[in-house]
């Protein structure tokens, strides 16, 4: 069974191949991680899957539907959600409003009803607000409901992005370095959060540099290097793969 | 027919050269600060008006011109110091309004100093037209074009050959790195306004004998110069020069062959067409947003 | 659910109270005239604020739409004898279509390129209105017959005061509603981060087009009312300077604040009248005030004051 | 909102406004007579507005020094609309509603005048305009008069002169302002009847600073024998300058819109040889002693030139005539009652002004004939009367 399939994907920037004929398969359920040195193409891969970049070649298939070149916002409809390496918080809105934007597709977004604030809109917003409170509490941000986002700490914003992505009720959530910039305690909390998300039946794809986090939560790991697949497998497979060890530790590692 | 064409062409190149200088000013400031200086057209106005009045006060013409340029440079630097620098980090819209406020202020200043009326400035070397291939060209037009060529070449030399010029280019492409290697960004910013003011005032002095000098002369010139800067790809000085000439020539040809009524629309029609096809300007290579 | 239980209710009530009391304090028709102009400017600015303040897309050409509305009303009623309401609607529809066609390419532009694109659009509109002088009277403008609706012809500043007041209150109410709705959140999300909004299922292009068209139509309707009220229009109503005034009102009052738009409109309409005491120094002082306000109250008047009031430091 | 409340407030507000209004307009005998004005004191048409303003101020002071009119002083309330009709509208409203003037002597340009007319007609205030075009008083508007010669008279005069020189094909350039357009229309209308053909018809935009493309085109038109320009303001000088720069040698005509020394000065030699119809005032010194206007125009010229140090233009004369017609009418009416003053202005007959001799009536709100219009040519930087 596959949920998401990437087939022979390529993309280059100014002659440099960021993603080079890459194929991979995501099964529904387990936590998948993508690792690799800087410039290996991890974030580019995320941007290709979520439609922000258009691929130079290859296909992306969600279940049986070809989603290559789809408009970005349609992918949310299909159950694909993500967070960003560089925070993309709506700093002009409160925390709870950020999450409510995530429920956009399930909201009444008709123009006329919005203008006249029909009872339907009022009721809808109440429901959405309650749901958003639940989500914020789920990511442990219950204290920040109506907080101004530009006065929230960095770690909280990281979790807010996750709550916002969850609000779209995704089947797949792609987390781009959720632990970057966090202190050890916060990293542990993120670790727990990722597991909790997975337990809710959402397939997690994780890009992360924190190896302890990756090795702790992942069930399947892809290792990229130079836009190509260096290795894939379980945590044990990857740990014992000499190529990976070499890539991470350099030539000296191989000698040992 | 061909004499007419030449006539239109010369007319277009003359006006286009002014647009080029104004566009160049936009580009230089944009490079240094990412600010669109809507007061750029006012530098042109100040250059022309100040010369008229220094000359009228009895100074010899070259001295009057030099004084006008110096005065405009001083005003440009004051603008940077007292209006742009304190607003560091403000949003694009806020900065646009600040520079528009500055342009209103400078127009007001000119009105207070010199009144609201039209003034003429005698041409630098007579007004007997020169016959070139059947077209009659004013000596002043040659001054405008020649002046622009000299300025463009000097600037190219400045940016490519001098330490200060190179520092300006470096801080435009990577401010952080520039600061790390010890370039004084504040100084660069001040310099960029001084340079733009100088370009504007020279354009104003050169064009004044042709267009008259009055407080409102900078508005349209400023907008057309902005067109040139955008058309050339914001922050691409040579692109701005080329685009300024393209705009000027298109205008003159439109007035000559199609309709003089829609002459002023030409620049804006070109810019819309280009922006719709190439959202980052005619001579830009385009970039990708990093997420 | 009471209809009064809405976001910004207190502000709206305060606005209504002000409108009710104001006539008692205005000595003559000249002052009514200024207040009516404030109202008209506020209406345009509320629409423009949806575009600039909430959706984060600048426009330096909105006076163009205002001008088209004004001229459609003027030409259709005076030259072709149409009823004022029909002319107003046709003007709004034309502006709606024009802005819809232009919105897709223009809303693709970012930052300064968007500023240039909208500026160019506005300038082109002004030039057309100036040059098609057989229809528009050219640079010297044209007279506009009075407004009439169902045979009733409002005349005099006091009657117009109440008409514009009613339209203003309605516009504020609709704007507050819209901002607090899912559509409003989507608009604000576009401002916050287009990429993030898009990944959450917000069709960014659609919302940009929507808000651009909406603000253009509001400007057009206000333009029609202005034309009938003032009785004489020139291409300056559509000009670059007017566009700049509108944007300045929005920014000065405070971006992303409906009441800020009203406050900005009020200040910038009154200020030039007050500054006439400076005679020749008028422009000098106006420019200085503009620069000063933008430097020291970067977020605009209403949000800055609100922060002070709430004791918050920013 | 309750409809009752709404209606009450409307009525209350209306009542207050009216009460305030009534108390203000209930003028006492000692109150000054308020003369309202909006002129193009600065800007592109300032050479119209500036002498008009100086003339009004000068003569209002003189009249007040001599004891005023019907025992009351004159008070001049003047705004600078820069000749831009968009600026005119608020000033007109202010003059009518806030300043509550008794009479309007205003409008340097046709555009400003036309913008003001709807408000003046509605308010019912006598309005003597200094605008040039015929449309101002043709058709007649109840409250609106004008003192300057019309474009119709000017075009007729020019065509007569052209015919005398054997010219029948004319190339026309015009600006886009109200006067320019009105003049262009007169040229097109009057040409066939006068045996003229308009072989080129070019226009330029407001505020244009380079007319060489248009003039190049006109110059190159087959058969063209003379060049004519319809317009006023800074553009007149630019056209003359460009015309000379392009080496054009055909006869060059402009209108009375160029009849000021600043036209000659700013054209920097380009005005040499340009012919135009002008009020007798500009060549008053050359007039024979028997000329009926010699005395009035001479006195005005002497006073204007000694007080201001500027040289005379016919535009100040428009203001002089307007003010004098108004003062005479108020004297005859014995009050500033607007209807009475209107009736008295219409009774003005054989009034000798600086600009011409006026015979006004209910059906003629201009009252000038061709007699006071003379053809002049620029020679050696000055006006030379043609015979």
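Should a chain be cited, it is by its letter among A, B, C and D, assigned in written order, with residues numbered from 1 in that chain.
As a working rule, a residue touches a chain if its C-beta (ideal position, glycine included) is under 8 Å from a C-beta of that chain, and two chains touch if they have at least 3 such contacts.
Small disclaimer: the values here were computed from a predicted structure and weren't measured.
In terms of the distance between Cα centroids, subunit A is separated most widely from D.
Ranking C-D and B-C by contacting C-beta pairs places B-C first. The geometric centre of subunit B is 38 Å away from that of subunit D, both derived from CA atoms.
Measuring from the averaged C-alpha position of subunit A to that of subunit D gives a distance of 74 Å. Per-chain CA centroids place subunit B at a distance of 31 Å from subunit C.
Residue positions of subunit B with contacts to 2 or more other chains are 111, 261, 264, 291. Within subunit A, contacts with two or more other chains are made by residues 52, 84, 88. Listed for subunit D are residues 176, 205, each touching two or more other chains. Touching subunit A in their complex are the following residues of subunit C: 1, 3, 6, 56, 174, 177-178, 180-186, 188-189, 191-193, 195-204, 210, 256. Listing the residues of subunit A that touch subunit C in their complex gives 50, 52, 71-73, 75-77, 81-82, 84, 88-93, 97, 100-105, 107-111, 113-117, 119, 121-125, 128, 161, 164-165, 167-168. Residue ranges on subunit C touching subunit B, taken from their complex, read 52, 58, 60, 105-106, 108-113, 115-117, 119-121, 123-124, 127-128, 131, 195, 240, 244, 247-248, 251-252, 255, 280-291, 294-295, 298. Note for the complex: subunit D touches subunit C at residues 1, 6, 9-10, 12-14, 16-17, 20-21, 24, 84-86, 89-90, 93-94, 97-98, 109-112, 114-115, 117-119, 176-178, 181, 205-206. Residue ranges on subunit D touching subunit B, taken from their complex, read 42-44, 46, 82, 176, 202-205, 207-210, 212-214, 216-217, 220, 234, 237-238, 241, 245-247, 265-266, 268-269.
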